[in-house]
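What follows is a set of structures to go through.
Consider the two complexes below, in which chain A is the common component and chain B and chain C are the respective partners.
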Partner chain A sequence: MSSRTAVFLRHRASGQYVPATLIDGVSKGEVEGAEKIWRPFIQEAIKRMEVERRPRADRPQHAHWDWEKKHDAVADILAYQLFGVECEGEMQGLMLLKTAGKFSRIGSHKSQGIVYVSFVETAPWNSPLIVQEPRYSQVGTVLLATSISVSIDLGFKGRIGLHALPQAESWYATHCEMTDLGPDADCHGLRYFEMNPEQAASFLN
Partner chain B sequence: MKILSEKKTMTLNLTESEMMVLDKLSEEKDMTKTAVLRQALRLYQLIEHRITHGEKLYFEDELSKEKKELVVL
Partner chain C sequence: MRMKITKEWLGKRATLDERAEISSGGIDIEELKREANSLRQTPYELERLVSAFGKLIHCRRLEMGFSISKLARSADVGPEEIESIENVVGYQVEPRTVFQLAKTLKLPEKQLMRLSGQIYGADTIFRSQVERFAARAKCVDHLTDEEHAVLREFVSFLAQKH
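Then we have the complex of A and B:
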């Protein structure tokens, strides 16, 4: 089952907001289509960085992600939801949510359910880590707002949580104003971030 | 932004004790009864899926790290 909602992305070069589509239930074909374009684009960017002798820390830390595998692993399982944002015929971002069995780690909300953002990735041409002039902005914002909406729909009042790759930490801490609960030894030492209902409401506004 | 899938309505018949448990969970989790049951459905399907694919379900004691298998019938 798949549903589509109209959203807007910002075209950086023109500063204009352009219509896009949020897809709830991205199909295997749509994921394959994205992977076919995204992965070679990222590999090309990594080669360029190697030639330019850029530090290893500059290279995209999510380069190994395989959305086809992720899609296949969770297909038809209610506890996972795969979202995508499409614009001008191309996938601009993908996000996988886990919607059951995850609980808040914030003291006053402990044992309350959350939506866990398992993976979120913007198309490589939208990432300032990969290109000098990214094409669209707001992809991550649209996807994170979606995770909050799912959390509200499921009765979690907007609570969401995620582990951030080091290159994305500042975005979650500063742009999203999520609570940083520090490195998690059970998840490769990645920092764990959470948003409570008040932070979620503020983000949506 | 409206991203919610269309929902269908059903009548649910529960025993008094089942309703008591649902009421308690709803209060403890600060969720509606519908939200509790939607969450239960997600967990049940996820557990079924994993067990069908040859995995086992364990609970681990946070302090002692002792693991106990939960047998799902």
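Then we have the complex of A and C:
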């Protein structure tokens, strides 16, 4: 069962905020719909980058992700929640949360429950890695605020954690002011970031 | 979801979020499957919510549509107390909290006191019913018809004179 909430995204060309829908409980059909458009778009972009001989570091590191497989892997498990942001009939971003069995790694909050952002991705036409002029901005902001809100609802006081891909590290560290706990050897060396209740309150403020 | 995402709030962050790359997620699909399957085999709710008292509060709260924070406000107790009751095995709850929760969740106070260990005198029937409830109640995020039935059966048992 899914629920829908009205949110907004910033349409970059016009600078205007446009109505969007936050979906809690994205269906298999909705994930399939997104994948059908997203993956070919990314593959096309990668082909262009190869032709232009762009360095590998510039290419999207999540190009191989498959949200259908992610959806199937966690289907019917209560500890996972799949969110999406839809705007103008297209999925603009997806996020998978794990709401149980993850605990804070920050000293004073150690062993307190957190909401773990297992995966988050924006539609390729919103990614500055893939297109020169992204269509919508703040998809990530809407999704991150959602993860904090879920954490608060679950009694975790806004605590969240995630492993950022290298190309996204600066946004989480600088613009979301999450605590950078450094590379995690148990997670392919990706940097692990956490937000404590004070940082969460500041983000939502 | 309590938070309302407004244009005004987004507008304040617009500069920070301009051209942001957001992708995160470190585990591959096989790891995700393994992690998810381990939760299927050992449901997290059974690990988290093992006491009958905690399960009762959790299920009743869901049945009445309370979030932790809303129940805390209505019952005038700390949200962290409710969190501990529901999640921490052997958490020593204050008598006042039991009283407040009984009132708000419309549960018989005396039986709730017995269940939480505040007063003694649990007989065999009481104990077996408690064990039965603890074994059958699944502390999930939404109650199914079956879980509603388990809860109703236990609450009506508690409401009887013992």
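FYI, the second predicted complex is superposed on the first by the 205 of 205 C-alpha atoms of A that agree within 3 Å, B and C clash if a C-alpha of one lies under 4 Å from a C-alpha of the other, contacts with A are read in each partner's own complex, and residues count from 1 in each chain.
Keep this in mind: a residue touches a chain if its C-beta (ideal position, glycine included) is under 8 Å from a C-beta of that chain, and two chains touch if they have at least 3 such contacts.
Only a predicted model underlies this, so the values are computations on that prediction, with no experimental measurement involved.
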In the superposition on chain A, see if there is space for chain B and chain C together, and answer fit or clash.
clash
Tell me which touches more residues of chain A here: chain C or chain B.
C
Figure out whether A:91 sits in contact with chain B (first) or chain C (second), or with both, or with neither.
neither
Identify the partner contact of A:145: answer first if only chain B is touched, second if only chain C is, both if each is, neither if none is.
both
One more residue to check, A:79. First (chain B), second (chain C), both or neither?
both
Which partner does A:184 reach: the first (chain B), the second (chain C), both, or neither?
second
So, does A:31 touch the first partner chain B, the second partner chain C, both, or neither?
neither
With the two complexes superposed on chain A, say which partner A:101 touches: chain B (first), chain C (second), both, or neither.
both
Of the partners chain B and chain C, which touch A:7 in the superposed model: first, second, both, neither?
both
Taking the superposition on A as described, I'd like to know which of chain B and chain C A:117 touches: first, second, both or neither.
second
Applying the stated clash rule to the superposed structures, which of 19-27, 55-63, 127-135 or 145-153 from chain C runs into chain B?
55-63
Intersected contact list for chain A, partners chain B and chain C 1, 3, 5, 7, 22, 24, 77-79, 100-101, 113, 142, 145-146, 149-150, 153-155
Mind listing the chain A positions that touch chain B in their complex?
1, 3, 5, 7, 22, 24, 77-79, 99-101, 111-113, 142, 145-146, 149-150, 153-157
In the complex of these two chains, what residues of chain B are touching chain A?
1-5, 28-32, 34-36, 38-39, 41-43, 45-46, 49
Could you please specify the touching residues of chain C with respect to chain A in the complex?
1-3, 5-7, 9-11, 13-14, 16-27, 29, 32-33, 35-36, 39-40, 44-45, 48, 67-69, 79-80, 82-83, 87, 140-142
Okay, in this complex, where on chain A does chain C touch?
1, 3, 5, 7-8, 10, 17, 22, 24, 60-62, 65-66, 69-70, 73-74, 77-80, 93, 96, 98, 100-101, 113, 117-122, 127-129, 134, 137-146, 148-150, 152-155, 162-165, 167-168, 171-172, 175, 184, 187-188, 190, 204
